[in-house]
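Okay, structure first, notes after.
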């Protein structure tokens, strides 16, 4: 992952159409990499977003820093008043940093063409990369510049939009759709059967009868899906992942879920069947959402929290967690949980007794 | 996934050996797909299992509905008393629906024969499908009509029963056994080493000594295993998955577990080593079961619950969950948990004081 | 998995350099396998570590047992005082058992050489095994005797130390490093992009801007990584897994984490970004550790516990779990949790009232 080198002035020029920035100090400084304020070396650019880190400005070895115009006065000066640190002033330093990082570290693209070891049963654009050992079934439709890397399996009838990257070992089941500019990481499984069985038991005999899963997975544009994440196909309707959704690793999304646009879901989350998550939600790692619930847009769920009921009103944060304790303390406190209702009842009784005693006195 | 078309009468005829049904209304209506009452279009058949959805019968656009004979009176009639909706009456509408769905959406079978890119080091029946890039090691035994789809890896000495389907990218380690009619979804890993190490540390030095995992995984008939689920091989004895067990995605089953027949386990569940789960249990998503526990048959575990002790008596539901709250409420309530034992002690002291005061009065 | 056969005397001789043992009884007994005291058959050797299992010594069918010298008096004798059970006396019977098990069940090594179906774009030592369908990118460096089993994908520039085994279907992203004697199980994904996005939203529009993940994953020596476990590459710095770390299945380790030497992590654990776990920690299954926390060396975390704050002092066990209850009991007790702060307040009020009443009396 080698990085190219650009001057501050050139960086501002290159990014001006997506986010505005203004240089301070020596705009001709060559920058070849991003770094944090604390670990940066000369030739690297850092960013300051949280004011509590402004103390690191004085001692950073970075050649430049990205920060908000309101923080420009915190830039260190020499005794003679010369600026010691070049800067780019911008309204959203973290986003600007992300864009500079992408400029200096452009994604490595694989060469167009199909590796001779690939098995390709469809016609694909010549701009696509089809890696070693890839299998592409019949009636698959790929957009321009799609990369299907080593050993990925693309089932019959799958559609993938332009510029998407499918990493090694991804498996997409027949009939599913992936939008443009998607990134699917290794081990992701898209479109396996949802978990649907009807119980046909009586007395001792019987079996679970499998319900065919005839929906698809339909994934919007600009979606990233992490390693070993699985998204099941719908039972009847489709499972739908909205535009701009970002899914981390080891996530399970069950059949018929609908995930709204630009929602982010951290690792190890499980979402049960037919849940509907609004747009712009943030679901913390290892949270769980039960089936058939509706979560309003802009809801935040704390990590590790089990969501057992719908959240009709958005814009708030919800939590369901037992707080961490030393094990010895936990043993004592958790034991009381099993008689918490009794404890509440005893307090109520005490309150009545006190009231009676007070009444008796008067 | 195109569906064939059958008349109601033909459906009842085809299913009569597995479940009895009786038509009402026009038995010659052609049906080509299943759907829900609310989303069905003409030519589709829906089902009514839960009486609370009977209100949807009047407005459904379905051509027919599957329901219990006791609900037949709820079928809508025209003003002149003619039935407006054809029906199949049956004792278990949900199971009947599952079987109709399977009839109309037969599983897509891959053609028999081995793809030239497959590496097959064993003799396999000519009725089997061996997909592109598949690797089958030495001494593997496959039943008739087994499908090993693209890129699956079947280790030496593995045995797989007739009519099983192994989806792309599944990995089965040497020596493991899978029964007949199994479905293993992409990313499933069967038979990796169990997590067994002996601590050999003294003072600063030392290491974890790996304990060879010499058991197998032995999977019964009619088992379905979800995407990215892993089942470890036994340390000494085998890890055993009973007949008819259904495992969802992202499940971890550790070494030496025994899962009883027809137990269903939802996504993201973890079961630690040597746990024994009875038959016909239902384990909710993201539940966890500690090692060496025994769970009685017909036990239900709520989603997200940590099972820390054996459950000797079956037929009940168990739960271990902190309930969801707005984060601000949680902060206040959870803080009190850390002094719950003290609170209980204070209530006890109050009760003693009240008793003494009452005694003092008399 | 056939086992060789060795006499007790030969076992002690073979292991004497790594752990000392001394035979009791017939040292010429041939031993071909390890087993538990309860399930052992003749020709097998068991071990006794926990004194509470000494009762099984009398009835075991094992030919020999490994135990501590202090337990030698518990070995059964015939009525005439002859030892009925041969033994190996050693300071740490469990570790000795692990080493005997490894002696009798040596790991099956694959033959050196590259399978013709493998795509190898680097020069690799002739002592390495490169299995069917493997893809190895450019500039990869493998140590001697490395095994890359069927269908594993090794990205450009990866370095893997001597004697490591990469199981079928593992994916290692470009630039990552794995030490010597590693074992990576099927479905493990090493070096996928960390989950890093900067929010660029205003009003209705906007998007998450991907932050390039330019760090690597650097894995030490003697590390084992379980099936379907994922370890993300660092954002700027590397994600680091120390020597001797053992990771079970289905684990998620996010970008920039540092896991100290010899720490063991059980299945289904999630560790969020930039967390630092000390050496010799033990993290129970399905535990979660939030981002940017520091966990001191030798800390133990109970299974299923969410760690929400740093643990600065090691050597203790921490827990965060709601205890399991019958669902009906849970409904009553958990409901009270939502008003626990109010309950605490009511108790405080009662205490004040009592104090006033007592004061009023005197």
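Letters are used for the chains, namely A, B and C, taken in the order the chains are written, and counting of residues starts over at 1 for each.
By definition in this document, contacts are C-beta pairs under 8 Å (C-beta built on N, C-alpha and C of every residue); 3 or more make two chains touch, one makes a residue touch a chain.
As the structure is a computational prediction, the values presented were derived from the model and not from experiment.
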* **Rigid-body rotation angle, chain C and chain B, from Cα fit (steps of 5°)** => 120
* Same or different, please, for the chain A to chain C contact, judged on whether over half of the interface numbers appear on both copies. => different
* When the C-alpha atoms of chain A and chain C are each averaged to a single point, how far apart are the two points in Å? -> 26
* Structure fact -> Residue ranges of chain C touching at least 2 other chains are 117, 133, 151, 169, 187, 228, 250, 268, 321-323, 325, 335, 337, 339-340, 343, 347, 350, 354, 357
* **Of all residues in chain C, those that touch chain A in their complex** => 117, 119, 133, 135, 151, 153, 155, 169, 171, 173-175, 187, 189, 192-193, 195, 197-201, 206-212, 214, 228, 230, 232, 236-237, 250, 252, 254, 268, 270, 272, 288, 290, 300, 302, 305-309, 316-323, 325, 329, 332-333, 335-337, 339-340, 343, 346-347, 350, 353-354, 357, 360
* In their complex, what parts of chain C are in touch with chain B? -> 1, 3, 19, 33-36, 39, 92, 94-95, 97-99, 101-102, 105, 107-108, 115, 117, 131-133, 149-151, 167-169, 183, 185-187, 222, 224, 226-228, 244, 246, 248-250, 262, 264, 266-268, 280, 285-286, 303-304, 321-327, 330-331, 334-335, 337-341, 343-344, 347, 350-351, 354, 357-358, 361
